[in-house]
Every structure is written in structure tokens, then in C-alpha cells.
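Pasting the structures here.
One chain, chain A, links the two complexes that follow: it is found with chain B in the first and with chain C in the second.
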Partner chain A sequence: MAVDGGHRDSGCNWEGRWNHVKKFLERPGPFTHPDFEPSTESLQFLLETCKILVIGAGGLGCELLKNLALSGFRLIHVVDMDIIDVSNLNRQFLFRPKDVGRPKAEVAADFINSRIPGCKVVPHFKKIQDFDDSFYREFHIIVCGLDSIIARRWMNGMLISLLSYDDGVLDPSSIIPLIDGGTEGFKGNARVILPGMTACIDCTLELYPPQINFPMCTIASMPRLPEHCIEYARILQWPKENPFGEISLDGDNPEHIQWVFERAQERSAEFSITGVTYRLTQGVVKRIIPAVASTNAVIAASCATEVFKIATSAYIPLNNYMVFNDVDGLYTYTFEAERKENCSACSQVPQDLQFPPSAKLQEVLEYLTENASLQMKSPAITTTLEGKNKTLYLQSVKSIEERTRPNLCKTLKELGLSDGQELAVADVTTPQTVLFKLNFTN
Partner chain B sequence: MAATQASKEQKYDRQLRLWGDHGQESLENAHVCLINATATGTEILKNLVLPGIGAFTIVDGHTVSGEDVGNNFFLSNNSIGKNRAQAATELLQELNSDVSGNFVEESPDKLLDNDPEFFHRFTIVIGVHLPESTCLRLGSVLWSASVPFLVCRTYGLIGYMRLAVQEHTVIESHPDNALEDLRLDQPFSELKKHIQSYDLDKMDKKDHSHTPWVIIVAKYLEKWLSEHNCQPPKNYKEKEAFRQIIREGLLKNENGFPEDEENFEEAIKNVNTALNPTKIHSALEDLFNSEQCNNITSQTPTFWVMLRAVKEFVHSEGNGSLPVRGTIPDMIADSQKFINLQNVYREKALQDAAAVSKHVERLLQSVAKPPESICEKDIKLLCKNASFLRVVRCRSLAEEYSVESVNKDEITSSMDSPDSEMVFYLMLRAVDRFYQQHSRYPGVYNYQVEDDISKLKLCVNSLLQEYSLNVNIKDDYIHEFCRYGAAEPHTVAAFLGGCAAQEAIKIVSHQFVPFSNTFIYNAMSQTSATLNL
Partner chain C sequence: MLTLASKLKREDGGKTGRASGASDSTHRISIRDRLLTKEVAELETNLPSTCKASFPDEDQLHHFQLAVSPDEGYYQSGRFQFEINVPEAYNMVPPKVRCLTRIWHPNITENGEICLSLLREHSIDGTGWAPTRTLKDVVWGLNSLFTDLLNFDDPLNIDAAEHHLKDKEDFRTKVQDYIKRYAR
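Coming up: the complex of A and B.
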């Protein structure tokens, strides 16, 4: 029986522990990556050196931590800003009822470290934005199990900002591979991103169509569906009636949901609409996405397989996008997502803004938020005028918003902008500002 | 009691939104049997325990080895030497206190020898890493007992699943892109009457702009039919002309320019949908023509009695069409117009379901069964899903493995494509052959890899010869499968664990459509295929 290489910590090793893994590290094979060399040192690299960052300790995160730990990875960090909720327990298997209210990252790390001897998961009960490049630079591979496109784009932008170019040539040692997984009900996808080399999140933004909200006139005066009645209570009645004082609606507060539910029931009765239930109310207010253990298991497994392949060069990694759906039988589709030539995140090409000088700044703002390839959330636009930095519009700070709001009604000409002017745009979707070049049209 | 129900509703909220309370109930009434608590097995169970399967029983005669603990989240190193069924049950049970976990410290072969009916009590049996002979023996017992059997294995970077169920009916298939059931090509009398109650030419602007597109299309279609010898628009040219006519129906402002009427834009956009002929697709026709549907006895399962009732409805009250589904998509309209239109469809659906109920009653009477044996709720559910009913039938393992009935065509035609996953199926069959001959799998130890390649190649050739399969398997695959050494890498086991668990949930809940009948996953390329063997 093949014996494991020695690891000093006796509780962490036992005979045969890594047998399943070693066959892929120590034996040559006909389908391995061209760079692969069988060696007993690869396992040591995984156990002692390879640093992986897992973003998210939820449905995908729990699975990812387990998968990585059982594949030989030990130096794992996990970031998650959330605390555990009872509705997580149907799939986030590192958590128990007694853990409700505790930080996900911490509970997950504790569980893995105690179940998998030798594994050293380090938790961070933080937002990804709380870290800067010095933190992210430390990792060999980063794998995301996020539930937010904004967060994905931010992570994507961060890794792109770490890239270094020598005379326009990308330095491969500055590339940190990003494995990204996402799930929704019975559907999911896993992708491999090599920042600066392969399609990034923003290159394929059209794959994530913007969420459609119901038109206000429907909600306000022409409800037809139970959802319209719920949105009426949430958007119109709550701010007007402030039933619990001047606080915003908290989707996690059952009292708040109950209030919305009752108002929605009243409204639906008025219009003879059926179908308003507590469950539907909660779903609409919290924008709940249904989730099960199985889909998360599948997608996290694909992602972890890719982490293993990249860390060990065992096989050629996924190139570069896999889609999964098990509503009707089981279906996977694997394809190569293409880089976008003028991607706002990774192309290094200043983005083109084509507007007539008579266009109002408001139009530019709308373009930045509504364009399918940009989908910014609340862009802050600054530029350099007469040698000085000038904020044209910024939404996130109240005083600046008030001060710059009149600019929205001014034309680009009135604002003193000229053809070819560079505008720097900051937004939550990216850690770096995006440069735009103004191109005046007739 | 109420507190537990409320907390279960909270805990299971995210999945209840997928399969509903009734789906959850069927899960909680199910008892799953897992044979062999390998990593693949425990991952499958994890994904069944978390959503609240009623009970599980692990059958496993093996003792836990160091290797087992290395890739299995539900075995710890202090269980080395203990029975694997027991050790895994402890850590799986701990995931969800709603679930009842059991174990049997016995090999499936022993159970088949001494008490084959042991397996009859289960809702589904999941066999993991079973040697071929055990698999076929068990398969035969379960097939005769009509217990669904799901065979799974992880072999190196290849995942494999095989479903063996004689007949699995699905009422709620939840199709992704269902066509609407609007009946505009053959409006029923109440719909006709409702359409007639509108006079587009006499409406004020507000009403005109808030008339549902279904009414608009219906009105213009009426006109078209009267002018085109009762022939609806058929080709692109005619449909474009039809769209144009609708466009001309837009109100004009004082300058003669068309107003912005979103409902008319919706009508134009939905012309194709609206003109979809109401018809029963061939898969359903096949079900209507099947033995079970036509030969109703007192043993006939509920699904077929209801289907027969629907068939009779189609041939009588339905005038060739299924019961009306009763749902319409949201569309721009004022509340009242929309609700009124929706009610026309809803009431017709109720009426049709009631007619189907009468047929059900008659059928039950004819086989001396009480009318309450099939409830109103189930009949309504079937009527609503009439267009989406599915029946999955798998060939038995015996049929797959028999030389007489092997699916040669499927194998050889798949092997024509260079990237087909079929080669992995054949390799798995070959390693099973190897195991039969040598009582071990190829390449488990480093020193065996080289020598086993030629031995495995002999197994491949004998397999192809026995089944007269004129296909070529490249040496690279034989080498790779020796290299695997029957390893079970955790990530591949986890992938399969997710797939298999969901298929088991489909079987138990009768919602969503299970695969049929063989699924292969290739972790090297992250591709997969479903084969019919």
C-alpha cells in the first residue's frame, strides 16, 4: 500500500489519506496538461503553499470549502459579510440551527477546520470592498460563490487592476485566475477567467440581463397580478404610512413582511385579484431566488475541479464557460466566451461616449446605467477642467448630490466639456474608475 | 407542533418555491436506500438529507479505511476500522434532525441472498460503486418490485448514472418555455362572447389603450378570417400584413400621427404566439394511444385513469382539444379588463376540469372503485398541466446488458463522433469486466499501472467482441483508465452527488422530468451526455 509522504503534524495524517488525489499528481497520463509533470511535490504544494481565496460562505461557499479541503488545499481564506439565517439551512450544510445569527465565514471555517484535520481556513467577516489589492495579491487562485452581479464585477475589476504590463505586454505572473460560479433554482454556471487573457465578467455582461421592475403606472393605478399589489404596499404605502416609524422596510423582519402582506391583500381584494400569499409577499419584497442543495453542489464541484486543475496543471482547464440545467433531464453546455474588444473593464481602451454637445448630462447618466454592456448602478462622473478636478455628478454623498444635481439639466457644452474630453466614472461595479472619451456628434 | 411546522417552512423556504408544499410532503414521506457510503454515496445523501427526505438507510458491509476518510466529508479518522454504514449515518444524520437515519452493516449481496424483499420497502434505491454482478442482481429484484433504481459511480474523472424505472409519470414537469393556451384560433363560446363585448371603434382613448392585446388580436383576426375565406395568416408575408393591419388600428392624434399605445405594440409583438394553432402534440397523442390509457382496470394507477378521462374529454366536450389551461400571461390593460379576460379563461378551465371529473367518475365506476379514490385537486392539477404531461420509461439493466437486446445503434452512432462521452461508458463496462476477472480494478497501485494496460485492453476487446460492436477505442483511454486506479476524487463525487440527488427528488416528488437512462459526466472537459442504453 502506497504510503503518504510525511507531514509532521500526526493528527493530520493517516495512511492512505490522499490516495484519491495522488493518482492525479504522481502518475503520467495521456490527457494531462502539456505542462504537467508527475511529482510527489505537487501534493506538498497543495498542502503547504497554495493559497486559495473563497468569496462567499453561502450555498456555493460551503460546498467550495469542503471540496477544496478534500482535494488537498489547506491555506484557504473565506470572505463573507453575512450572518446565518434559518432559510440558509436547507443547503448551507456547515451551519446548524444554533448558529443562526453568527457570521457565516466564521462558522464555516470552524466546521471545516474541525472536520478536516490540518485544514486552516481563515474567515473574514467583511465585505470584499473592505480589502485592497495588497490582500488579493497574496492568493494563487480566487474562487467566487457570490449572489450579486455587482460584487462579481467588483472582484473582476480588482483582479484586472492587479495586472501589470511591460511595454504593453501582459506579465503572466500578475494574473490571478478567477473561477466564478452562480446558481438559481435548477440552473447554474461555472466559468474560468484569466484576467487580461480570457473573457472577463464585463465582457459578457449581456448574459446577465438587468432585472425588470414593474412599471410604476401599473403598480399605482392598474394592478393585475398579486405581485403588483405587493409592490404597491412596498413602494407606495410603506414610505407614506411609515407603520413602524421612519425606518426603511426590512425584508428580514417578519413584522414588516406581515404588514406588506396585509396591505397587499386589501389592495388585491379591491381589484378582485387572487394569489397574494405571505410566501409570495416575502419573495417579491426580498427578491428571493429559489435555491436547493443539489444545484449548488454541482456548480461548486465544477469550480473546485477547475481550481485543482489550475493549481496542479493536472489537466487543461475549462475554456471557459459551462452552463448547467437539470429541470428536464440533465443538460450541460460548454463554450468559449469571447473577450469584448472594447470591454469597459479589461480592454484598457478608453470607452467611447458619443453625444451631441447639446445633450444634457442626464442623458449621459442614463446611458451609463441603461446600456446593456455597462449597467452601472450610480455612476459618479468627474473630469478635469482648467487643470482642476471637477465633479460633474455624484449620487452617493447627499451634499455633493444636491450641489451637482443642477448639472444634470445642463448641456455638455454648457458644462464646458469639449470634444475628446476624458471623463472618469466611478461606480460600485468596479474598484477602479473607468475612463470615457467624449466624442461629439452632430 | 405548529412551531416545528413554521420553522420547517422557514428552513425549507427556498426549495418550497420550487416544488411546493405537496412536493415537500412527498419528500418527507420517502425512504431512500443508499448502498455503499463512499464519497459519491454520502454526497448524494447529503443533498437529500438537507432538503428533508423522510428517512434514509445506508447498506454497507465495508469497514472505513484511511483512504475512505481522505475523500469523504462524512467519515472522520476516528471511524477508521468501524463499519462504514454506521460511521456515515452518524455524520449525515447530524445535518438535519427532521430526517431519520438508519444503517445496515451488511453487503447488498448478502441481503440479496437472505432477504431480497428487504429492498421492497424503499421509495428509491441508490446503488453506488456496485460490482456488475451485484448491480444486475439487485436491478432484477428492484425491477420486478417496481422500485426505482439509480446506479451511480465516480471513476477517476468520470461520473456515471443509470436510472432503471419501468414507468415514471410526471404531471408537473414545469417546462421552461411553455406556449400559452389562448385558443385564439378556435375561441370557445364564452371567449367569443367576451371578445364581442368590445367595440374598438367606439372606445375612448383610455379604454382603447388599455384593452388587452389578446382582445385586439382576436378582433383583427375575426376581420381577417372574414376577408380571407376563414384562413388565418400562415406565412411570414401574411403575418406581416396582419401586423400592419393592427398597426393601422392605432388611434391617431389631431395631427394624424399614431398615438403611443403600448397594448397595440404588445399585440403586434405577440402575433406569432397568438397564431399558434391549438393542438395536441404527438408525445401526448402517443400517451393517449398507449396500452395503459386504453386498458383501464381496477389496478390502473391514478395518472392513467385521469389521462383516459382527458382523452374522452378531448373526443367529446373538448371537440378535439385539451381542457383549457386557464392561465394568461400578464399584459398591458387596466385591472378590470385584465381580470375579466382572465376570469373567462379561468371559468372555462373549471368547467372543462369538471367535465373531465365526470369522465373520471364514470371510469372509476366501470372498474368498481369509489369516486373519491381520485380527488378533485389532482384532476384539476392534471388538467392544468395537460399539455406538459410526461412519462419516462427506461429499459431494464438486463436489457442493456443482454447480447440480444444491447442498444448497438446508440453505441455505434455515438462513437462516430470523436468527442462522444460514449467511450467512457464502454471503458466503465470494460473495468467491470476487469474486476470480474481479477477481483480488483486496474491500476490501483502504482506498480500495476503499466501491466494492467494490456490486461484492460483485453477486457475492452472481449467486451466489443461479445456485443459485436464495431467501434474503435483509442489506447489513450485504456491508459487513462488504468491511471485512474479506481480513484474517487471528491470534486467529481460531489458533482455526481448533486446530479443524482436531484434525480432522486424528481422520482420521489413526480415533479420535473428525470433523465433517461444513462448520464455520463467528464470532468476533464466539463462536458456531459445523456445516452439511451
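Coming up: the complex of A and C.
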């Protein structure tokens, strides 16, 4: 169903359809990038070539897809591993009650594709970790509307691993900009990350607030918050008393919630704690983090604007971290997050190690200890094969040294190492693990 | 420089596949594994004299056992085994630790669950897990559960704590009894 006039026969670009975008791209203006030249090429690029990946089809994802599709982006992929829950429907507006239980990515793609003629959103009902670098390499820009720090770090690490260097100089065409948005209640942030150039997710890890998790000893003996009382009922009393028989607690069953609520009230009275309500009980049991539609709208709009700016090079992108808070009044602030010197994700450009595949591991070890600029004492060397760690040699733990000593006499090829293999090396002389990249010579 | 990058990509008309050999995700060393290479290499030199670490699989640096043999206090002469598992999300999250030896202790249940603030992801008072902490801190923390972190006031095993409150000598006897039966 296309509300915009149903001119599907005229090839999806009816007269005046993109006037709003042309105003930004086909004429000069006071806020454009100094190098900007008005032309019709930018719009064509958006419509026909620019490939965007949207990660997450939830609160931020729905807004992002809408914004991008209406701005002219047509080649969009969306990844989300979740299915639709009834509690999503108040703000994830691409979904309807009939869609509950279906994968978010698929329903979102269907909605956008039928609502906005010409737009081709490709859904992926998968985890981001299910794809490898050949998938991510295909995109010009990646936008995230994720709900976990772990996923952000993974994405961050993936894009950093795609960077290529020529003689220590970063190749700009290997950079895939990452626009990251996050919201929690009335607070949100949007940031622009150019892997290898600007601060990455790990550089600013301390900015994330600690995640709520209640310790068992507090729940068991010293509750202080209404949430502790609810968790006590949920974790300890329910399995002990089995009020409805041997079934587990169902967050969607009002009778179950009522039972937990009453037990929690009793406990809170014992410890003079206020604040236990039916609603809070539901929230704690179902692990609900309150979401506000307007915050998602603001942050997604900011992110989509950055995607537009970077894709068209018409405006100076956000530099580089914006915070937003409308708990009381309205507050926003933008600053330039700096790269962390010893960032575990992006501060190291793997150093080259040149060896023929027939070289023995012993030779690599000798290089690490004898090379004048390294002069390591007893380096530990590990790598990753088939997604799992392999300890090549580790001298400082006796039991591991004995078991890995045979590897010293094996060739790099025999050990399963290939050209471009990443090696992690740790030694008393290095404050952190140092990364090397194997470069096979002949 | 950013505009140049975008222009270059646009001229490509898409992405030219870069031959990169082994740089796919199966070969990328995760942050956890990078950290473990360093922390395990340093482990033995930083152990307290009462602790010993053992690795059942030399390729699984994220899974090992720690044996603690306290040389003072109530738990003297016992040998307590802990199992340590370092999750994928390390070091944003703490290692998961279980006590494999049955013990009568206010902060360790008889099923092996441990109450140690260092191992907690979120703590209001700042003594919980932080990415600045390492395996060395975890080992020292576990060791301290038998000395200065032995805490009867904020117990996980409430029965053990109350036992100590009621009758210290009887508590000591039970601790030694458990050691004789399970911690040799």
C-alpha cells in the first residue's frame, strides 16, 4: 500500500518525489561542506548505489528504516535476531498485533518495501555474529540501533579488522563508517565512528553506565530496594513453594505476577521498603527496561542525518558524540570523543612478521627474543583457528609449556597457520598483548 | 579526509573485494583471547603462595581450576578447588567462578555459589567488577575469602553465618569436619 500517490508505473521516481532531498544536494547553501559542489550525482548515488546496513529493527531500527527509506536510500539490509512481542507495539510502528511472534527484520522489511515504492530492504533474521567479513565489507555505511554493549563491541571489532594498511598508512577506502545510536528511557546518544581514525566503542567504554544485576546475598539477607524483594519472590520463593504446581514462572500470566507481587509486598513490609507495585513486579520479572518513543525518534533522526551527510559528503558530519536528555526540560551536548592510547580494540596496528610457511615456530620465537626493537624475554604466542583459541607456546605456566613444547619443532603450515594469520604475543616486556600479522614469504 | 574516503568508495561503484586471505572472523583474535594471552602468561608469577592454577586444556585458556590451601584461620589445612570460566564478553563482564569443594562458609554456599563483590557485574558501592581488573585480582580475591574477606555480616550462606554468631567453637568444629570429609 503506497500512500504517496501510487505512481508505481512511472518507475518509482514520479515528478517531484525527491524534491525535498534535491534541495540539499542540487543547490549551494550556508551550511554545506566547504568542498561541496551541487550536482545530480549525489541523489543518483543514494538511489542506485549506496548500500546501508541497519543493525536492529526495534525501537531505533524502525525509525531508522523509515528515515533512510524516505531520504532516498534504497539498498538497505537489516539484521535482527528477535521476534515481535506485544510490548513492542507502542513504538515499533512497523509492526501490528497480527505480527506478534514473527521476526522483526522480516516484518520491518515487508512494511517498508510495500509502503515506499522502489525501496528494497533485505531482512536477515540472524545474529550479527552469524555473518563474516565478506558480508560487512559490502556496505558503505553501517548504522546500529542495538540494545547491548557486547554486540556493539563485536561490530566495532569487526570493522576494525577490515582496515588495511599500506606500510603503516591507513587505506581510507577500507574504512566503513559506523553510526551508533543508543537510548534508555529519556536519555540517548548518537555518535559517528570512523574505525582507525576516530574514537571507537572500546575507546569510550567507561561512558556506559553499569548494567543492573542484583547479587544473591543482598537478595537473600539484606534487601534495600523494592526490586530485591521482587527478585526474592521470583528466584527463591517461587521454586520452593510452586504455587501453581511444578511450572516455571510465566511473565505474561497475570496470576503469576500477582503471586510474586503479593510475596514481594510481604517481604518489603518486613524490611520497611516502599515502592513495590504490580507494574514494577512485571517489569522486574520480564526484565523490561522502559522505553520512550520520542527518545528513539530523536536519536534515530540524528543517526539517519549522519548517514545522509556521510553518504553525500554534502555536510560536515557530527564530530563525534552527541548526548541527549529530556528527563527534565531538554538537554543536548556534542563533544569530540578522543581515541584511547591503549585501547584494546583499535590502538594496535598488527605488526608484520615475515616468514616462509616452512619456517618452524622456534624461528618465530627466536625472532621475538632477538630482534633489537622487540627483545622479548619469554613470549607467549596464541592465535585463533576456526574461531577458537590455539595456544602455540606459553612458557610461563609449566603445565602448558610442557604440552605446547612440541609445537616449536612444527612448521607454521603444519600448525594450521595461513597467510595473514593474526598472532597474539604477551611478554613481561609488554604492558599489553601485542598483535602480529603473519606475512608468508616464499 | 572523510569526503575523500566517501568519494573513493563511490567511484568504486561498490566494494572491490580485497584479497585478504585469513582476515575473516574465524581468524580474528577476540578481545577476550588477547587479554587471556597476557593474563594467563602472568598468572603463575603473581599467585599467592597458597594458590595453584591448573589448565586441563592448553588451548582453552578461558577455563581453568584454582586450588586454594589457606595457611591460617578457620580453613587452615583445607584444600579448596575453584572452577574459573572466562566468558566471551570479558573483560566487560567478570569471570564466572564456582567452588567445587563442599564448604561451611558464610560467603560460599554448599552448592558452590560464591559471594564476592569483585565478581559482581553491578555494584552500587564501586567494589564490583570493572574492566581494569584482571585474573590476578580474581585469584587474590578468592584467596582472601579465607582471610580478610571472610564476612559474617553480609552472608550468602545465612545458616553458616548464624552458626558462627551463636557458637564460634562449634562453627570451627563444623568447618574442620567439612574439611576432613571434603577438602583433603
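Criterion: the second predicted complex is superposed on the first by the 279 of 442 C-alpha atoms of A that agree within 3 Å, B and C clash if a C-alpha of one lies under 4 Å from a C-alpha of the other, contacts with A are read in each partner's own complex, and residues count from 1 in each chain.
To be clear about the criterion, contacts are C-beta pairs under 8 Å (C-beta built on N, C-alpha and C of every residue); 3 or more make two chains touch, one makes a residue touch a chain.
Small disclaimer: the values here were computed from a predicted structure and weren't measured.
Asks: For A:323, select first, second, both or neither according to whether it touches chain B, chain C, the two together, or no partner.
Replies: Neither partner.
Asks: After superposition on the shared chain, which partner residues are touched by A:207: those of chain B (first), chain C (second), both, or neither?
Replies: A:207 sits against neither chain B nor chain C.
Asks: Does the superposition put A:424 against chain B (first), chain C (second), both, or neither?
Replies: In the superposition, A:424 touches chain C alone.
Asks: Once the shared chain is lined up, is A:158 touching chain B (first), chain C (second), both, or neither of them?
Replies: A:158: touches chain C, not chain B.
Asks: Is A:19 touching the first partner chain B, the second partner chain C, both, or neither of them?
Replies: First partner only.
Asks: Which of the two partners, first being chain B and second being chain C, lies in contact with A:70: first, second, both, or neither?
Replies: Once the two structures are laid over each other on A, A:70 reaches chain B alone.
Asks: Should A:122 be classified as contacting the first partner (chain B), the second (chain C), both, or neither?
Replies: Neither: A:122 stays clear of chain B and chain C.
Asks: So, does A:222 touch the first partner chain B, the second partner chain C, both, or neither?
Replies: In the superposition, A:222 touches chain B and chain C alike.
Asks: Which chain A residues are contacted by chain C in one complex and by chain B in the other?
Replies: In the superposed arrangement, which is not itself an observed complex, chain A uses residues 218, 222 for both chain B and chain C.
Asks: Which chain A residues qualify as touching chain C in the complex?
Replies: Against chain C, the touching part of chain A is residues 33, 35, 45, 49, 51, 129, 132-134, 137-140, 149-150, 153, 157-158, 161-162, 164, 172-175, 194, 197, 202, 205-206, 210-218, 220-222, 310-311, 313, 317, 344-345, 380-391, 394-400, 403-404, 418-422, 424-428, 430, 432-433, 435.
Asks: Mind listing the chain B positions that touch chain A in their complex?
Replies: 7, 10-18, 39, 43, 46-47, 50-52, 65-67, 69-73, 76-77, 80, 95, 156-157, 173-176, 210, 330-336, 338-339, 342, 445-446, 449, 476, 479-480, 483-485, 487-492, 494-495, 497-499, 501-503, 505, 512-516, 519, 521, 523-528, 530
Asks: Can you name the residues of chain A that touch chain B in the complex?
Replies: It comes out as residues 1-2, 11, 14-21, 23-24, 26-31, 63, 66-67, 70-71, 86-87, 89-91, 93, 115-117, 185-186, 190, 218, 222-225, 271-273, 279, 282-283, 288-302, 304-306, 308, 315-316, 318, 322, 326-332, 334.
Asks: Which residues of chain C touch chain A in the complex?
Replies: Interface residues on chain C, with respect to chain A: 1-10, 12-15, 17-18, 20-31, 33-38, 40-45, 53-55, 58-62, 88-89, 92, 107, 113, 115, 117, 120-123, 128, 131, 154-156, 158.
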